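For reference, the structures are reproduced in the following blocks.
Next come two complexes built around chain A: one with chain B, the other with chain C.
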Partner chain A sequence: MPLDSKALDTKDRAGILHPPPLPWNGREAERGDGGRRLFRPAGAGRLPDRLLPFALPGALLASWQAVTAAGFMPEQVLPPPSLVLRTFIAFLGDGEIANNLLVSLRRIACGLGIGVVTGFAFGLLLGVSRRAEAYLGPLFRAFAAVPALGWIPVLILILGIDEALKIVILSKACFVPMVIATLDAYRNIPARLREAADVMRLSPRTRLLKLTLPAMMPMLFGGLRLSAGQAFVSLIVVEMLAATEGIGYMMVWGRTLFQIDIVMVGMAIVGVTGFLLDALLRRIERGIGARMGERTGSHG
Partner chain B sequence: MTPVQSSPAPSLAIENVRKTFTVETRTFAALDDVSLTLRHNEIVSILGPSGCGKSTLLRLVAGLETPDAGALFINGRRPVAGPARDCAIVFQDHRLFPWLTVSGNVDLALDSCRLAPAERRERVRRYIALVGLGSFASAYPRQLSGGMAQRAAIARALVAEPALLLMDEPFGALDSLLRTRLQGELLDIWERNRVTILLVTHDVEEAIYLSDRVVVMQPNPGRIRAVVDVGLPRPRQREETAFIALRKSLLELLS
Partner chain C sequence: MRKLLKAALAALFLTAAVQAATPLQAAGNPDVIRLGDVGFGFGTPFGVGVLAIADAKGFIAEEFKGSDVKLEWTYFTGTGPAINEALSNRQLDFASYGAVPNIIGKANGLPTILLASYGGTTIFGAARPDLDIKSIADLKGRKIAIQKATIIHWGVIDALKRAGLSERDVTIVDLKNADQLAALAAKSVDAAFGADFLLPLADKGLATIFYRSSTAGKTGDGFGAFLVTESFRDKYPEATEKVVRGLVRAAAWLGDEANREEAFTIWNRAGTPVETIRKSNDGGSLKDKYNLLLDDFFRSRYESAIAFNKEQKLTRRDVDLSAWIDPTVLDKALKSAGLETFWRKRDAQGNDLP
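Entry: the complex of A and B
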């Protein structure tokens, strides 16, 4: 034991001595790990780190199975996980999931693409031009205050319930966080580096490629992740309200049939897909962050 | 060794410049009625206590600040309003772009020069080697020590071979051996390139060793207290009596 506590002690001190990493230089993960190791109880029952995220879902799943097996709730209200799994496999087999997921992902890709590109362009415009900000800034903030989903009733009247409706709603949902992230990113380009670029009289093109974009990249990725999350939420709601295919539609369809297992399959797919999308973006973000991380020293 | 007057207009003319800053309704003069003229190919050092406006003066010359009164002229052109061509600055901090390698950073300073790609690459290589970073050309700033980063910043300022070079404590972060070496290199470049240098330093010896004239400033408000001609033949010896006497009188002026 004395050995153990000594080891903890040095780790702790090392943790204090190290300067806190910049939020975007990709060292968060290391620090998080160190902290967790400190608080892990010594003794039996240690899980390898990669399994930790599955502990709680596993426990929930087990208690869910136990509750349904004991018959506390009717199957229409809370179907057992085994049934949900069977439905999942059946739907996987007949292509139901693949078809609907593909439709949903296509909508996300379209909405995210349009929203992110236009949001970036508009955000950059607001950042670069004081005049544009004066004319358009207040309008944008009012526009942003109405949630994407609040537009559905009006847009249904104009666009019907076709693809256009979903694309417009999703684009709007992505546009707003992207504009805000772009504007923030632009304003956070370090003045020190802007001055260095000024005295070197960089051409607009070089300035954009070598200063503006690289400096904005970490925050832009934050905006992209936020946009993707917004797109996902909005997509499911639109599909539940006005659609004939897609994962959201599949869930509504299951509910009208009183087949909650179908709804749950839908939820699981949404959850996993959303998680994977975010994980992918985070991975890219970390890669970029590590490349761009400035050394955390006195000469920063 | 006397500077040659290659054109009638001085390299840099600072005329009755005043610069005030307002911090929370309190206005104070960081610089007040500062005048200074640099001949072509002249080296002038600025000495003075912390906060007396040395960096502010350099920033005015670099076109990063505008004076509240007076004007600055580079080569007799119209008053400085924004960064001028042919003028480079080494900031007090290195200000390298963290996402570019040392080469990438140095290369950036050649963006506004029209050079053939091969010559451009050769120039970058040469100036990186000059500051002793040859084997770190493809390193990122985060992989450099403070002194190495500062040297990379010096290479970035030199690579475009500017006519006017502003340096804000460029050797402050270096050990004394390296500092002496780079001072020598700077004098070599100066002799080759006919560059005018305005240099801020805290090091009295450095000021005497390098400069034709030393400007001593005083704070509150930032003013020029004295301008001292060095007048020693180069290469200068730090141990010779005239050098030591000058050091003594400058230290007296500073206190």
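Entry: the complex of A and C
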């Protein structure tokens, strides 16, 4: 077994617990020398940092393959990774994934757009005006406490089952974390900065662009990323309950057809898309932070 | 602490010993027999077919009188998919559900055996009262809600075909029962198809019933089967026969017109008002509806559902019907219950054979 010898080999060199490179992890398999080279330069037996995020998924994938190969679980309950991959390729080929993903992404874009813009405006209002906070704050908190799932039965009756329902649910899900983040960000602008701005008699415009927004930026982006995460959660919920297309529906359909591999393809797509969206937002955050002079620090 | 550990160990040994000992007596009876059915209603759901009658009137329990066998009944509101999952998790020994989901289960490798028909299900079509929908033909260009991959789905496509329409003439929206009601009320869809849970909507004036499968000829009604897992049948052939005997005795009881009203009150536990159940069974003989025979009619119904599943791409693999059906258990059960001649065998079109 080439896999075994390689595993021993790397273990010898590394001499520690890190798992050997997995042959089905495409990135490593491509290197031709079975990934051994990756271990060599480290010397001290440390995986290069860039590969660390892949270690756990790789190990999970390996145990998944092992469990299915050993037949511990019926194929209907836990299909082997190879079947999931085959389904993925088949769905990629016939446009099933592209169509559903497009529908889902459109919903996310609308919901995130509406929720974030209104959430930012509302949060700023609560932050700037004590009176607004006194009047609207408690109502907002009660509103926020009811999860998207709880709104669906009522909203279906009002809005029907079409796109409007999904957009409203998603907007609500994005709105709440954005309001809280904006409010906190505004409140946390250092008092000394405000005083300095007062002393310098900055115009409202300059004040907003040079002080308020840059100071709020890290927390705003925190809120934005939280909103995006919430949008994904709600998207899948709403698509699983009342939809006829989208990635969430594809997953429910897989369950109905008793083809768990379809469900798993859906899970993988949601996971990867969510990860990419988060990475994109982080990159934008860094870009904006750099442009604003990194004054506010604490970017991560 | 050590005492506790000892006690725990002892308990562990004991259960192991008991488990090791059971197969010896198992040749006769299992400890527990787990039965599953489609359920409706809030709180504790209940069934609306023969199996629910067998449960409520104790027909299967009677078969095991004097033994330690325990019966466990589960009614799944999630319908087909949930029952397939329970079977594959080995949480059920017997189950009764619609043909479309149980073909899906079989095609995906669930080791099940068909033991008997479960009879028929009436499928209803409800339309928005403000629209002029009086028959299936009026559905052209309309948006209709059904729960896909169920026997209702089969029934609707079949009804469309009989009315000279095809799937392309309508827009089908896949919705669960509760969402169907909401969607009709919100005018998101023009019509919905389902079981008798749609009827109360008409009583409230929120919909008009324009279709019922029982009036659409012998082949209009939905259908399904009572099945067992392969391992249970092989391990406990006698218990399997007893369960089926209890089931056919329940169906025979149901076929006696004198018990009609009592049956309705039993089904009422699933939440549908007795009046609605009475209306939904209006004019139909329960003996004909709950004919459990695995005759040519049953086979032709199942062949049609297998073809439907393939056409709709619900199944990827073929299902061999004759290998899936085991008529021997039912034959024995009918004989030992003295019910061999109670039901007439039907031809493929549903007409009684001489």
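Just so we're on the same page, the second predicted complex is superposed on the first by the 239 of 300 C-alpha atoms of A that agree within 3 Å, B and C clash if a C-alpha of one lies under 4 Å from a C-alpha of the other, contacts with A are read in each partner's own complex, and residues count from 1 in each chain.
The criterion applied here is as follows: contacts are C-beta pairs under 8 Å (C-beta built on N, C-alpha and C of every residue); 3 or more make two chains touch, one makes a residue touch a chain.
Bear in mind the structure is a predicted one, so any value in this text is a computation, not a measurement.
S.K.: Taking the superposition as given, does A:L149 touch the first partner, chain B, the second, chain C, both, or neither?
M.R.: neither
S.K.: I'd like to know which partner A:P214 touches here: chain B for first, chain C for second, both or neither.
M.R.: Touch status of A:P214: first partner only.
S.K.: Once chain A of both complexes is superposed, is A:L157 in touch with chain B (first), chain C (second), both, or neither?
M.R.: A:L157: touches chain C, not chain B.
S.K.: Scan A:L257 for contacts with chain B and chain C and give back first, second, both or neither.
M.R.: So A:L257 only meets chain C here.
S.K.: One more residue to check, A:A268. First (chain B), second (chain C), both or neither?
M.R.: neither
S.K.: Could you look at A:R192 and tell me whether it touches chain B, chain C, both or neither (first, second, both, neither)?
M.R.: first
S.K.: For A:L83, is the partner it touches chain B (first), chain C (second), both, or none of the two (neither)?
M.R.: A:L83: touches no partner chain.
S.K.: List the residues of chain A that touch chain B in one complex and chain C in the other.
M.R.: none
S.K.: For chain B, which residues are in contact with chain A within the complex?
M.R.: Residue list for chain B touching chain A: 62-64, 82-83, 85, 87-89, 91, 93-95, 97-100, 104, 108-109, 111-112, 140-144, 146, 149-150, 156, 160, 173.
S.K.: So in the complex, the part of chain A that touches chain C is made up of which residues?
M.R.: Residues 74-77, 153, 156-162, 241-242, 244, 249, 253, 255-259 of chain A touch chain C in their complex.
S.K.: Where on chain C does chain A make contact in their complex?
M.R.: So the residues of chain C in touch with chain A come to 80-81, 84-85, 88-89, 101, 104-105, 108-110, 148-149, 173-176, 179, 182-183, 185-189, 314-316.
S.K.: Name, in rising order, each residue of chain A that touches chain B in their complex.
M.R.: Spelled out, the residues of chain A in touch with chain B are 192-193, 195-196, 198-203, 206, 210-211, 214-215, 291-295, 297-300.
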